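Per-chain numbering from 1; labels A, B and C assigned in written order.
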Amino acid sequence: MIETCSLKTHRRNEMIDITSQVNGVVEKSGIETGLTVVYIPHTTAGVTINENADPDVVHDILLTLERLIPQHDPRFTHAEGNSDAHVKSSLVGPAVTIIVQNRKLLLGTWQGIYFCEFDGPRNRHFNIKVL
Amino acid sequence: MIETCSLKTHRRNEMIDITSQVNGVVEKSGIETGLTVVYIPHTTAGVTINENADPDVVHDILLTLERLIPQHDPRFTHAEGNSDAHVKSSLVGPAVTIIVQNRKLLLGTWQGIYFCEFDGPRNRHFNIKVL
Amino acid sequence: MIETCSLKTHRRNEMIDITSQVNGVVEKSGIETGLTVVYIPHTTAGVTINENADPDVVHDILLTLERLIPQHDPRFTHAEGNSDAHVKSSLVGPAVTIIVQNRKLLLGTWQGIYFCEFDGPRNRHFNIKVL
């Protein structure tokens, strides 16, 4: 079973908590123990796991990525003006694999799953496979 | 079968070789061919695979991460003072997936698995799933 | 079934599209739905997923990585002169997991799989597991 979820992003750089959507798919699958893969089929977005409590953590992560990889570099040759987003996508990564136990994601207490938008706002989607 | 291993870290930034613990779990599982996922349930730590021979490689990786992402940035808003650790956690990643062949991790000759501490010292743990 | 593919890299930093090789292994496996793991058994290379249309994207990704992580840093202690490649390997990552649907990789329209060489030219290989 592969589930596809849609979402709309609202800023150029944004991290959106998708934990409850992923947990919903895991519960629906009825799988007791196994793995879940969350996969992003875009080249200017990614997925990561990080703190779900204080939104300032997300702020500081996005700030640091923008400091390290500014949108414009005079040496960039890709004409679309979003090379920074492609770099961030490869550094954060297109997929996360999470262990499933007792029909639930085995996340740490403070962990949430985040869809990472690096070239929004856009209509996006992601795929979830439980096995 | 999901195994949980504990470890104690001793410095703020540290990479600890956990290859033998992971290999032990793989051998115990009796699984001939498949996958192993090592998952870190913390938001200021991560897991990576890198050289297991010369400890200077680990030194240079941690040095570079600290140069790129210093602990303090006047624009950080997260009050705990460990935003750098959250960023490193997302860049290094919370999980690695390794192929299993003949009841062993199919690692390259020079590869070891490292628990990456970015906000130690702390008591930590990680989960291993073989399937 | 685990397949091993070989490739030859030609520059110190290079991203080589291996999508067709991975898709070939998936089709040959006959597996309808599941996961594919591409695993790099080297500590100065990695694997990522990014745009497969405009080669300037690859140019800008490699440029940014070289800007952030130059080959030489007077504080590096690893004597082989390739510490930068080890750092890039851990940031980009040694493995990607992709969902398989209808005997094909469920990649986004613009996504290709890239072997990332960071210390070439060298003879390299990578492993593919479909399950």
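The criterion applied here is as follows: a residue touches a chain if its C-beta (ideal position, glycine included) is under 8 Å from a C-beta of that chain, and two chains touch if they have at least 3 such contacts.
Not measured: the values here are computed from a predicted model.
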Rotation angle superposing chain A onto its copy chain B by C-alpha atoms, nearest 5 degrees: 120
Same-residue or different-residue interface between chain A and chain C, half as cut-off: different
Chain A-chain C separation of Cα centroids, rounded to whole Å: 20
Sites on chain B at which at least two other chains make contact: 35, 68, 91, 93, 97
Residues on chain B engaged by chain A in the complex (per definition of touch): 2, 35, 37, 39-43, 68-69, 73, 75-80, 83-84, 86-87, 89-91, 93-95, 97, 127, 129, 131
Complex contact set, residues of chain C against chain A: 33-35, 48-51, 54, 56-57, 59-61, 63-65, 67-68, 91-93, 96-99, 101, 106-111
